[in-house]
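Chain nomenclature is as follows: A, B, C and D, assigned in order of appearance, with residue numbering initiated at 1 for each chain independently.
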C-alpha cells in the first residue's frame, strides 16, 4: 500500500488527536470528524488486494467458479483457496462496504454530537469544555 | 423424635416464626413477646431432647448435599461444645424475651424487636451446629447483621447509628472478611470445608501445621474470632454496642454473640493449638485485653458501659485460657475456659438484667446519680450482689471456681514456659483479677450502697414485677447452684464440651474447697488488693483523665474515628482528584493506553520488528491531494473562527472523497461527498446559533505536550498500519474472494460493494440504519429535554 | 439564502435530485448507488428546498412527518429480513430472478431491493427529521 | 419450517420491529406500553428457550442470510446465551418499573422505541460472531443509551444541564474508544483476511502454533482494552460512569449499571479467551492489574459521595473490578466465579438503582444529606435497600455472598494471594460505604421538609413488584446456588475450550 497515503492518514490521526484534547467543543467535534476520516481511509487502505478496477463486475452473468471454498487446516489451507493463475483485478470490496457502513454511522453520531454541543451551549452559555464540571467529584 | 430433625427444627423454627412475627403481631398485639419467648423455649426443649445423646459422649453428624460444585454441604454437627453455646442461646434467649415483655414499652415497634431477636437466636443456634466452615460463616455473618440491626433498634438516636455501624464494620466487615479468607485458606490446604473431616483426620492436622499458609490461616481465623469476641484492638465496638435495648445487650453482647468468637476458637482448637503461634496469638491477646479492659471498666460511670468493658475483660480470660495450650498438655486451660464461658454467661446476663431493671426504675444509668437503693429494691439488691460477687470470684459462687481454675492454669502455663513467664503470666492474671474485683464492688456500691442520691433519683423507686425479676432470679439461682455443686455442670455440660474440643473423653473433678493452694493465696491477694484499688480509685482516675487530655491520640477509638469518621471527607478528596471534571483529563488515559499498547510489546516483550516493504510510487496528482488534505486539516485545527474552520473541514471531506476515487471506490466517493454535505449543513446550522469563535489560549507547555502526544499517537497508528497493510499473511486468503466470486451467482448483483451491504452483510446495514434511527430519536430527546422547564 | 435565484434553481434541481436519488436506489445493485446513497441524495435535495425557501415557508406546501418515514423504513427493512424466514430461509437471505419486460428487456429483480428501500426511507426520514428539528429550534 | 430455529435472530429482529412500530403507534400511548411489556415477556421467554437449547444441544451458530462464515454469523454459546437471558431479565424488570416512573411525554414519543433498540443492541452485542458487526452494535448501544439518558423522569430531579454534560462525556469517550476499535479491526482484517471471530481464532491459533504471529497483532489486541475497558468502565477508562449513571433516569441507570457495563466484561472474555487464546499469558496479568486498580478507585471514591445514585455508580466501578480479577485469573473456577459475580452484580445493582428510583420518586432528591429517617415511613423500601446492599457487600444469605465466596475461593485455590488480599481489603470499603448510605437514608432523624415538596409521587405497585422479583432472585441464588454454579462452571469450561466455538461455526475442522 501507498506509504504516502499511510503517512497522510497518520498525520490526520495526529491532528485529530490534537484537536480532541482542546477546550473548545466545536474544535473537539472537528477533531472527531477528522479522526473518523482518518480511520475510514485506514480501513480502505488495508484492503486485501490492490486491484485496478472498482469492484463492479461488468461482464458475464454467470462467471465460472475459479476459487475453491474449503477449510482444511491440517493441510494448511484456509478458505478460500485461490489458484496461482488467478490474479485479482478488482479492489477489495469488503473494506469499501465496511467503510460505507462506518461513514453512515459516524455521520449520524456527528449529527447527534453537534446538536448536543448546541444544547450544551444553551445550558452552559459557553463552548468551553473545561466549564463542564458540574458533575465532578 | 429423629435427633437431626430436632436440631434442624431448633435452628429454623426461630427463622420461620421471625418471618411470621409482623403478621402475628397484628393479631396478638403486644403479647407478641410471650409468643416469641415460647419459640425460644421450644428450641431450648428440643435441645434438651438431644442432650442425653451428647452427654453420653456421642456426636450427631448429618449432612445433605447443598452446593456440591464447590464442595459445600448443608450439615449439622452437634457435640458438647456446640450444645453448650446453643443452650445459652436458646435458654437465655427465652429468659430475655420473657423479660422484654415488661421491659419494652408497648409503644415501641415490638414486631421488629422480636423479629430481630428470633432471627439472631436462629442464626446463633445455626452457627454452632454448622458442620462446615462456609455454613458456619453464613450464620456467623447473620448474627453480626442481626446484632447491627438490634444495636440500631432506636434508629433515630445518633449514638445508636454510630454504635451499629461500628459493630458492623468490625465484626461483619473486618472480622467476617478475615474469617472468610481464613476459611478459604484452610480449604486450600485441606481441600475440604467439612469440620468433622478435618477434626477426625490426624494427618490433615499435621499437614495444616506444616503448611506454608499455616500462619496466615491461623491469623485470619483468629482475627475473625477476636473481632467477634471484642478482643485485642477490636474491643472498641462493644462499649458502643450498649446503645441497644438492655435485654439485647444482656443477650447478644454478653451472653451469646460475643461467645461466638470463643466458640470458633474452641472449634479450631484441635486444628491449630499446640503451636507457638497459637499460644502467642490467642493467649497473648487474651492477657493484654483482660488487663486493659479491666482497667477501662473501672473508670466507667455508666453502669452499662462498665459491664461492657467487664465483658471484654471476662471474655479475654476465656480467650487466654483457650490459648494456654502448649505441646505438653493439650487440655490445659480448656476446662477452665469452658467452665468460665458458662459461668460468665450466667452472672453477666444477671447483671445486665439488673441494670435494665435499675435503669427502668430509677431512670438513669449513671453511677454518680445512683446510690442507696438497697432499701427500696431489696430483691434486686440480693440478685445483683450474687451476680457481682460471682464475677468478683467470691466463694461459694461459680465465678470463684472458674477464677481459681484460671489462676491454676496461668501458673501452670507460666511454669511450663519457664523464665520469665512463670512469674509474668500469674501476675497478669492477678492484676486482671484485682481489677475485676474492684469494678464488681463498684457496681454494688454505686447502685445499692451508700447514700441515696435524692437530687437525681425519682421519688419512688421499687422492685419491679415478677416478670422482670424472674429471669434474673433464675440466672442468679443457677449461679449459686453451680457454685455450691460444681459437679452438676461439670458432668453434664463441661465434660461433653471439653471432649468436643480436645476430641477425647475426659473426666473432671471439681469441688468448692480444694485445700490450701497457690491459687487460693492468689485469690486472697486479689481480694485484698481489690479493696485497696477500689478505695484509692479516685486518684488513679484523676491521673487517667489528665493523661487522656494530654494524649488524645492514645486511643483506638481515636484511630477508628479518624479512619471511618472522616472517611467521607478523605474519600471525597481522592475522588475529586480523579474525577476532575474537564473531559480532556479523561481522554488522556485512552490516548496513553493506545501509545502503551504499541510500546508494551516492543519494550517489555522485546519483539523483533520484521522487515517491511515501502511503496513510494505515488502519482504526483495524488501527492498534491494528500498535501491538500493535510493543509486543510491543519487549517481546520488552527483557524480560531468557526465558519472558516468548518469550511476547511468540509473541504477536507471532499478531498477524502477524491482519495476514495483514487482508491477505486465509487460508492464510497459518492457517499463521502454527500455525507460531507450533510455534515456541513448541520455544522453550519449549529455554529450559526453559537458564538462565532472561542479563541482558546493554549499555554506554551500544554501546546508542546499535546503536539508531542499527537505525534506519538500518529506514529503509533502509522506503525500498526504499516504492518497491517503488508498484505494478508500466508497461507490465509481474504474472504473477499468469496464476494467477488459468488456475488453474481448468488445475488445477481454486479456492484459488489452494494451486494455486500444488502446481501452478504445486511445485518451491518440494518444496524447502520438503526443508528440513524436512534440519532433522530436522540436529537428529538435532546431538543425536547428542556421542554417546559425553561 | 431565500432569494428568487436560489428558489428558481431549487425548483429545477430538487425534482432532478429526487429522480436521481430514486434511480440511484434502483440501480444500486449493479451500479454505484443503493439505498443509502439514494437516501442521502434525497435528503440533500429536500434540505436544499428547506434552505432556499426557508423552513417556515416550505412547511406551508410541503410538511411531511419525517418520523413516519424512518419508522416505516425500519419496519420495512426488518420485515424484509423476517420475510425470508417465512419463506423458509435464514434471516435476511436474499434471492433474485430475471424478468422479461416488454420495454426494458431482461431486468434483474432482487429481493434485496425491499431491504434497500427500507434503508432509503430510514436515511431520508432520519436525516431530514434531524434537520427539521434543528431548523425549527 | 420450524420458527423456533430462528430464536437467536428473533432476539434482535423483534426489538427492531417493535421499535419501528413504537414510532408508528405514537398516537396510542396505552397500546405502546402494553405492547412493549408484552414484547419484553416474549423476549424473556425466548431467551430462556434459547438458553435451554444451548444447554441441551451445545453451541448454536446462525448464519444471517445463509452465507456461512463469509456473511455475519450469530453465535449462542453458553456465555452469550446466559448474558442474553440476564439482559432480558433486567430489561424486563426495568421496563415494568419505568412504566409509572418515566414522564408520560417521554414515553409517548421516543422512550419505548429507544428502549427496544437498546435491548436489540445488547442482544446483538452478545450474540454476534463478527467483529465489525460488534462495532455496529456497540454504536447502537451507545446512541440508544445516550438517548435514554436524557429521557425525563416524572420527578424533575436532574437539571438538563447535568444530563447534557453527562451525555457529552459519555459520548465523546466512547466515540474515541470505538474509533480505536476500528483501527484495531482494520489491522486484524489486513493481516488475517477475515472478520469472523471464530475464523480469526482459527488463524491466530494456526500462526501461534507455527510461531509466525506478526508482532503488530499484540498491540492490536491491546487496543481492545481501550474499547472493552471503556464499555466496562475499568480504571483508567471509567470517568464517564460516575457522571452518566447517576444522571440517567433510575430504570435506565439500572440497565446501564446492571447489564451495559457487563458488555465490556463479555468483550474481554470473548476477545481474549477466544481469539487470542494462545497469547493469554500476556493479557492475564494486565487484566488482573486493571481489575485491582478499578476495585481500589471505585471503592474509595464511593465512600466520599453524598448523592445516593453516585454511591451506587462508584460501586459499579468497584464491583466490575472484581469481575475482572476473576477474568484475569483464568482458571475454570475463576471464570465461573467472575460470571457469578457479574450476574449477582447485575441483579443487585439494578435493584438498588430501582430502589433509589423509588426514593427519588417519593422524596424528590438524591442528596443523602437531605434525606433521613425514612425507615419509619418507608419500611418496605428500607428492607429492599438492605437486601440490595447486603448482596453488594457480599453478606449471606444473598447472592452477593455466593459471588464473593466463589471468587475468593477461586483466587485462593488458584494461588493468587495478593490480588485476593487487595480485593478482600477493599470489600470492607464496599460494606462500609453501602451500610453508611443505608443508615443515612433510612436511620436518623426525619428531615422536616422532605415530604413537603410539590413533585412527590406515590410508588405504584408495578414499580414495587419489580423490586420484589429481584429480591426473590437474590435470595434464591443466595440460598440455593448450586444450579447457577453448575451452569457457570460449564460455561467457563466452554469458554476455555475455543475449539468448541470454532467447530460450531466452521464445522469439520481440527485445529
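By definition in this document, contacts are C-beta pairs under 8 Å (C-beta built on N, C-alpha and C of every residue); 3 or more make two chains touch, one makes a residue touch a chain.
Because the structure is predicted, anything quoted here is derived from the model rather than measured.
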Pair joined by more contacting C-beta pairs (B-C or B-D): B-D
Chain centroid nearest the full-protein CA centroid: D
Centroid spacing, where centroids are CA-atom means, of chain B and chain C in whole angstrom: 63
For chain B paired with chain D, centre-to-centre distance based on mean C-alpha positions, whole Å: 27
CA centroid of chain A to CA centroid of chain B, Å: 51
Mean-CA-position distance for chain C and chain A (Å): 24
For chain D, residues contacting two or more additional chains: 16, 19-20, 23, 64-65, 69, 132, 136, 139, 143, 146, 160, 164, 168-169, 172, 176, 183, 186-187, 189-190, 193, 195, 199, 203, 242-243, 304-305
Junction residues of chain A - those touching two or more other chains: 20, 28, 42, 46-48, 54, 56, 76, 78-79, 94-95, 98, 100-101, 104-105, 108-109, 111-112, 115-119, 123, 132, 134-135, 137
Shared interface positions of chain C, touching two or more other chains: 30-32, 36, 67, 70, 73-74, 78, 81, 91-92, 94, 123, 126-127, 130, 134, 137
Chain D-touching residues of chain B, taken from the complex the two chains share: 66-70, 134, 137-139, 141-142, 145, 148, 152, 155-156, 158, 160-161, 164-165, 168-169, 172-174, 176-178, 180-181, 184-185, 187-188, 564, 567-576, 578-579, 583, 585-587, 589-590, 593-594, 596-598, 600-601, 605, 607-610, 716-717, 719-721, 723-729, 732-736, 738-739, 746, 759-764, 766-768, 770-771, 773-775, 777-778, 780-782, 784-787, 789
Contact set on chain A toward chain D in their complex: 20, 25, 28, 32, 35-36, 39, 42-43, 46-48, 71-74, 76, 78-79, 94-95, 98, 101-102, 105, 108-109, 112-113, 116-117, 119-120, 123-124, 132, 134-135, 137
Chain A-facing residues of chain B, complex: 572, 575-576, 579-584, 587-588, 591, 614-618, 622-623, 626, 629-630, 633-634, 636-637, 642, 645-646, 649, 652-653, 656, 659-660, 663-668, 671-672, 675, 678-679, 682-683, 686-687, 689-691, 694, 696, 698, 706-707, 709-711, 713-715, 717-718, 721-722, 724-725, 727-728, 731-741, 743-745, 750-753, 755-757, 761, 764-765, 767-769, 771-772, 774-775, 778-779, 782-783, 785-786
Residues of chain C defined as touching chain D within the complex: 67-68, 70-75, 78-79, 81-82, 84-86, 88-94
In the complex with chain A, residue positions of chain C that touch it: 30-32, 36, 123, 126-127, 130, 134, 137
